[in-house]
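What follows is a pair of complexes built around subunit A, which joins subunit B in one and subunit C in the other.
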Partner chain A sequence: MDVRQLAEKLNAEVLCEGDMSREVTGCYIGDLLSWVMSRAQEGDAWLTVMGNINSIGVAVLADVACIVLTEGAALDADALNRAVQNGVNILRVEDNSYITAIAVAGSI
Partner chain B sequence: MEVIQLHYDVNANDFTCAGEASGKLKRELKRLGFEPDVVRRTAIAVYEAEINMVIHADGGAIDASISPECITVVLKDRGPGIPDVSLAMREGYSTAPENVRNLGFGAGMGLPNIKKYSDKVDIDTVIGEGTTITLRINTAPAEN
Partner chain C sequence: MKCFYDFHIHSCLSPCGDRNMTPHDLVNMAKLLGLDVIALTDHNTCLNCPAAVKVGQSADIAVVPGMELCTCEEVHVICLFPDIAASGAFSEHILSTLPKVVNRPDIFGEQLIMDEQDNVICEHELLLATASTVSVSNVARLVREFGGACFPAHIDRTSYSVISNLGMLTPDMGFTAVELTENADIDEWRQRYPIIKNAGIFIDSDAHYLENMKEAKYTVELRERSAAAVVEYINSLELMK
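Now for the complex of A and B:
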């Protein structure tokens, strides 16, 4: 399933649209960037509450399919700018990462 | 392919640019057609070293030389140096201040990641003068 379909499935708010047709092939949950950097796989939906500019850098380098901000976490203005520049897909949901991951797991 | 040399400057304490040099290098390696695994390993290692320059030192410079056999990246800063390198290499060891931890850094996984994803790492550090990290990623599997 692609990012657009995931957004619908999660009933997520789309904060930034890059290539929404990217396939979601897995899921990684984490807020400590060095862990995410080395453990998240290409094509993952990355579930986090970190909405700062460094998250965007990590998303680009780790080449995740999208960031999913959980628990309604905030996205900083400069992070959004960077995401737009780099075409990073960012979704936001009110559910926590556990509930969201279950929904992701049921769809990929 | 001849050896390609690339240079990037890293600004001190500028999180708005942090990760930019490693991002650019990654795009360049992709464009040159290196294996995804080589691109990924290089990007992770250089990202971690770049972020360390921003957080722990006063910025610095990155020089990459790219040949078909290997990618060598030299990251040089004029920061405070690392008093105990083997301690700093330990998973979980971090001196990152609170404000930086709030941004998601400070897991103490940066240097271990650099070691894990590079084929060779050399850390040359002098207290009060700075740190130079040289890392190498082999692009082809070693021949027996």
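Now for the complex of A and C:
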């Protein structure tokens, strides 16, 4: 499943489009950026409520397929700019990370 | 003696610190701004402090070797030391607790270690914008063991602060002071969080760019204008209860 299909499946709002045809191969849930950067895997859908500029750096470093902001978490303006520059896919859903992860798990 | 201070300044060694925040230029800028004592507090390292302290000696301004430590809860804590021997030992200890993630300067920015003439000695290879394994519950004790003093940074911010990340400050953390940003209403904070009613409060710039450094405004009463006196002062304040 690619990021575009995941967005449809989650009924997610697409906040930033990079390469939406990127394959989603796994899922990681975490809000402490230092944990995420050393544990998330390439191709993961990263579920988090952290929508600041550092999140974008972490997404690029870990080379995740997309960020999924859960519980309607905010994406700040600096973060959006950085995401556009770096082509980071960002989706947003209203469900919490648990419910979202279940939906991701059923699709990959 | 009353000293104008700024205890939270980043150099070009912090990945988010500007290239122009060289030890020489930031210390001299602080002097121009009328500050008497400043601390250099890069993220998770003290490796630009030897240069900054030397510049301070020739510019006649006290430079406290320090660090903005990121705890395992991603709470930022300002750690200050009496001399570069103590800050160096602490820096080495913290380095051993950081995740082994190599910096990507294109994403996070360069991490430059410089001498007192702003020559680049080398780039710091490991990413410094990560978290140590030190807990906010242990940091005060640990810093004291290394001869320093510490206080939680920008507790009024919505990220990387003890209040935003943990929801509270508790007596067992062992702090005597806190840092607020310039935007905070001190009286309101003291009222809202009774634990800091009698605590020391520092207002620092957290400057990452020369142009964000602030004119001398806030003062602290020190025995003398030195790093050792700053550490002594913070540790002489009453523990929060």
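The criterion applied here is as follows: the second predicted complex is superposed on the first by the 108 of 108 C-alpha atoms of A that agree within 3 Å, B and C clash if a C-alpha of one lies under 4 Å from a C-alpha of the other, contacts with A are read in each partner's own complex, and residues count from 1 in each chain.
The rule is simple: contacts are C-beta pairs under 8 Å (C-beta built on N, C-alpha and C of every residue); 3 or more make two chains touch, one makes a residue touch a chain.
As the structure is a prediction and not an experimental result, all values here were calculated from the model.
Aligning the two structures on subunit A places subunit B and subunit C in a clash. Touched residues of subunit A, counted separately for subunit B and subunit C, are more numerous for B.
By the document's definition of touching, neither partner reaches A:Ile102: not subunit B, not subunit C. In the superposed model, A:Ala74 lies in contact with neither subunit B nor subunit C.
Using the contact criterion defined above for the overlaid structures, shared-chain residue A:Ser55 touches subunit B, although it does not reach subunit C. When both complexes are overlaid on chain A, the residue A:Leu33 reaches subunit B and subunit C alike. Shared interface residues of subunit A, touching subunit B in one complex and subunit C in the other, are 32-35, 37-38, 52, 54, 57, 60-61, 86. Interface of subunit B with subunit A (complex): residues 15-16, 18-20, 22-23, 26, 36, 40, 43-44, 47-48, 51, 103-110, 113, 116-117. Note for the complex: subunit A touches subunit C at residues 32-35, 37-38, 52, 54, 57, 60-61, 86. On subunit A, the positions that touch subunit B within their shared complex are 31-35, 37-38, 42, 50, 52-55, 57-58, 60-63, 78, 82, 86. By the touch criterion stated above, subunit C contacts subunit A in their complex at residues 70, 72-74, 99-101, 104, 107-108, 127, 129-131, 159.
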